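Shared chain: subunit A. Partners: subunit B in the first complex, subunit C in the second.
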Partner chain A sequence: MGISRVQRRVFVKNVLAVGGGLCLLGASRLSALGSQATSNREVPKAVLEWAEGRPLNFGRVQLVLPPLVENGFLVRTSVLVESPMTEADHVQELRLFSEVNPSPFIANFYLGPQLPEARVETRIRLADTQAVWAVARTNKGEFWCSYQQVIVTLAACAG
Partner chain B sequence: MKTLLSSKTVESRRQFVVGAASVSSGLAIGLELPWGLAKLSAAPVTEPVLPTSLQSSHPEIGAWVVIEPDDRVIVRVVRSEMGQGTITGLAQLVAEELECDWSKVQVEYPSPGESLRRKDVWGSFSTGGSRGIRNSEDYVRRGGAVARQMLVQAAANQWSVSVSECFASKSFVTHRPSGRKASFGSLAGQAAKLPVPDAKAIALKDPKDWTIIGKPMNRLDSLADKVTGAQIYAIDLKLPGMLTATIRQCPVFGGTVKSFDATAVGGMPGVKKVVQVDNRSVAVIADTYWHAKKAIDKLPIAWNEGPNAKVQQSDIMRSLEEGLGSDQAFVGLQKGDPLNAVKTSKKTIEASYFYPFLNHAPLEPMNATALWTSSSCKAWVPTQDGQASLAAVIEASGLPAAQCDVIKVNLGGGFGRRGAFQDFTTQAVLIAKQMPGTPIKLIWSREEDMTQGRYHPIMMAKMKASFNENKELTGIQMRLSGQSILAAVRPAIVEKSKGMDPLVFQGVAKDGEHAISYDFPNVVIDHAMRNTHVPPGFWRGVNVNQNAIFMECFVDEMAEVAGMDPLEFRRKYSANRPRTLAVLNAVAERMNWTSKPKAGVFRGIAQQFSFGSYVAAGCEISVTSGNKIKIHRIVAATDPGYAVNPAQIERQVSGSFVYGLSALFEQECTVKDGRIEQTNFDQFGVVRLAQMPPVETIILQGGGPTWGGVGEPTIAVAAPAVLNAFYQATGRRLRNVPLKNLGVTLI
Partner chain C sequence: MSDPVAPRAVLQFQSPASKGAVIEILAVIRHPMESGFRRTERGELIAANLIRQFVCRFNGKEMFRADLHPGMGADPSICFPFRVEQPGEMECEWLGDQGLTRTVKRTLTILQP
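For the complex of A and B:
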């Protein structure tokens, strides 16, 4: 199925207008750091809710964030999902989730076979030290995910 | 083997060893910083060289302890030493459980990059919030216990005996039945190869059995070096091929650089390059600081100052005054119905107080040194939080985290300026990035440091109290109006609290480590948030500074209406708080409160609970000509639960009063045309030695499951005690800080 080119452009435009800096980019090569997801961490509730009971597969998602950030105001984030991005097999939606932000659902991106690869870069805000989760849904209804731990250093005298 | 590091030796030393002999024992106590300096050059950097003990040939017994074959014990400390004595206290905690000979203990800073590579093995590097000891006491003691257990196991294995027959003491393991002994140094190699036991499963020593914790051990950082000037602070750092930069940031907060003319200074002596650092600052790189400073003073820079250039101090004051009467405010504490209490009262009193913007003004201005290449970036930073510095380096360098690291260098004062705010670190990297391969030391001028701070928030308070016909207190209202730190610095916390800044209520909060220590009958404490364009920050003691003055001075005002002695009034409303009573009573007893002071001498008292510690202070003053205050003595009692190093606590308490009294009498930052007016210490005074009264510290140890802090709690209690004594002496209430604006001085 997939979203038409026009619809997707409209969506990107809206995201830019609302998110103020949130954007989709054809990025430079992802670094080898990060996205070594394993299944030994408790999956956030918001992720499970989205999957609605369907199996979550660890892998295929390369999530890259700095492992250490000063205050979490602006955290560069990039995600690359291994997918041929053909009409028959492509990533349809990609979501970012937080474990401890007041709002666990950080962002979603609608992708389609028009894109050469399933890659996004954005900037997110993190309230505290936590793992960020990236979850991709394919046109076949499969869920692929990964997470990465980010240390947000504490403000000096704050609680 | 006294090791001194002076600016003359730094370039030639194989190891960057800072520190020297502990004063009395003559032992070499080094503070080894990562990476040999000999490896550093202006050439592109190779792989980081690990600090000595992090190399495999040095037996690491668990993550916190290294024991050398010669029995030296190297304890890892990640909190930053800035004069407060934290490295000594933390080492005492580890050594206690390790059962080592204290005279063999040294400390070292692991690098934040190494910690990251090892999955955050040493936890938080943040040195603020009076948390150095209290937030890490459990896991560092366990770090010592783990190492002890591994050493004992190594000995038992060597002798083929049961572990239960062996014990550790004073850096030896002994086999009880046979009396066989082995030194830690001889066992370290084998112990390091053993699996690390589960730290949480080890029972820690009962406090009554402590032999190192609770003792006034000499400091592990060198006092001698500080006195002789031999200590290397970050500003003194010299690296081969290094250049020095200085910076000019838009004097109006929020403004940006419009243009600058580098050619105007390009030919000046020593100038290497003029660079734009970011959208609001420009730097000159030169061979020396002086040449850089001369050039930047001459550099024509045009600013887009923006709308904030119109902001005057009077605008900010008006905004705060409006907040005092606003019908909208965030309620931090409410009990009963104080508004109704006013309606039915026989008498009400009201008073307004003011506390200004303050700069941290550490003696050493902001600075950092960075070396950037296309494949690595390292920075030498005087930091209160090595991890925050590293995060700033990663972000500014544009390089992967694994290729970045930070070396912590001695701070010439921190006070909260160098932890959560790493603007100077980011700038140093952004400048160094424009001269790849050359180490650049960025030094802010004093003027830059004074005008580009992260200021103690400006705050007003309106206090109201009502009384019945028996002069008994029936209700109290406290309205705060002013700036929120967290709204600017940690908005996530404010968001979580539905717009409220919970930190603004420090010392008068409804619960937690800053809870109010009175049980008033009807009370409401709320905050009208009035933010300004001036960036706020955590200034030693943070919001307790003003809240202690507001509440503790007004408590004296209420006691007067109630016809009660100020001490008795406090005791009445903290009757169910034994540890508050204990510090009040300790001060009263030492001062002989019920006796009449000498003629012309007047007393004041104040108490506070903050950062998890109970503190009280009393003072004796005399006043001449109605406005010249002489403080004869301050008696301070503090109960942090556990006293790890009582001598160090005494020094911390005295030092906090120097800082607190300087603010009370001399200091404020004001805004003119959107910029800070005060540019140097001639306009931002500090209490001098001759003005400083003797401080008598009483340490109480209330114990309990949670430990309290030491660095900040007492800073706030001297000021209200002095103000209360001033009223006793003159009948005049002083409600605006600093007192110099009221014509009142400290002599």
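For the complex of A and C:
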């Protein structure tokens, strides 16, 4: 009786350890997917059209979305752009774009030096697994962008 | 609440707040944000019914503006930071299809030390 109880305890411990390890592996894989900030992904057409040929810089924009959502109808999204938000240097406009939604446009936010920081939180709709893009335009006409991959298990069905 | 002319809208922030503090302004409106891409069971397209624009003013001065597109979720919620400098009136306005306009006002007071 005593021995079997110990064996059971060891078994449970091992199962938990292995399971936890797998979870960690999964999580690190997901975050690796999400934190890419390089330009090796194709930039959506809508973003290029907005930039009108001006260079798109990767960085300065922190886009926070859950890496995996069960339901694409309401996805909490927060965007923070590194900017002093002074009269001389501030973010004027911040846009969110979707790669595969029927319409690539999500929202355009008009900011300015009256705000203490360039940060917006909202809830968006995602039709399928895709990357969401956040692009900021400063008063100097620079474009800063970032994207975040989101896996959607139940799409916000467009049809 | 289900009245299409005046949907329920909420403007929320900390008040009274201390001078110099950064507070969060949260604006939410009840609205289906019908994208115009969905179809009925018969295959007919459901007409778009969207909130198109959101403006927030403080003492009449524009603080924040947004154009909303079909990618926004239903009951659009927008949260942004605001630096408290003086007391006044915060006013949020939503403009949408079918002649929708909705304005919500709330007073911001300064916390006396």
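The criterion applied here is as follows: the second predicted complex is superposed on the first by the 117 of 159 C-alpha atoms of A that agree within 3 Å, B and C clash if a C-alpha of one lies under 4 Å from a C-alpha of the other, contacts with A are read in each partner's own complex, and residues count from 1 in each chain.
Heads up, the rule we're going with is that a residue touches a chain if its C-beta (ideal position, glycine included) is under 8 Å from a C-beta of that chain, and two chains touch if they have at least 3 such contacts.
All values derive from a computational prediction rather than experimental measurement.
Colleague: Classify the contacts of A:111 with the two partner chains as first (subunit B alone), second (subunit C alone), both, or neither.
Modeller: Second partner only.
Colleague: Please name the chain, subunit B or subunit C, that touches the greater number of residues in subunit A.
Modeller: The partner making contact with more of subunit A's residues is C.
Colleague: Just subunit B (first), just subunit C (second), both, or neither: which does A:121 touch?
Modeller: The second partner, subunit C, only.
Colleague: Between subunit B and subunit C, whom does A:51 touch in the aligned arrangement: first, second, both, or neither?
Modeller: After superposition on chain A, A:51 lies in contact with neither partner.
Colleague: Considering only touches as defined above, state whether A:102 meets subunit B (first), subunit C (second), both or neither.
Modeller: In the superposition, A:102 touches subunit B and subunit C alike.
Colleague: For A:43, select first, second, both or neither according to whether it touches subunit B, subunit C, the two together, or no partner.
Modeller: Neither partner.
Colleague: Determine where on subunit A the residues touched by subunit B overlap those touched by subunit C, and list them.
Modeller: On subunit A, the overlap between the subunit B and subunit C contacts is residues 73, 101-102, 125, 157-159.
Colleague: Give the list of subunit C residues in touch with subunit A in this complex.
Modeller: 22, 33, 35, 37-39, 61, 63-83
Colleague: Could you list, by residue number, the parts of subunit A that touch subunit C in their complex?
Modeller: Residue positions touching the partner: 73-75, 96, 98, 101-111, 114-117, 119-125, 157-159.
Colleague: Which residues of subunit A touch subunit B in the complex?
Modeller: Against subunit B, subunit A makes touches at 31, 33, 66-73, 76, 101-102, 125, 127-128, 151, 153-159.
Colleague: Write out the stretch or stretches of subunit B touching subunit A in their complex.
Modeller: By the definition above, subunit B touches subunit A via 112, 116, 120, 124-130, 384-385, 387-388, 390-392, 394-395, 400-402, 416, 419-420, 422, 485-486, 489-493, 495-496, 502-503, 512-513, 537-538, 542, 712.
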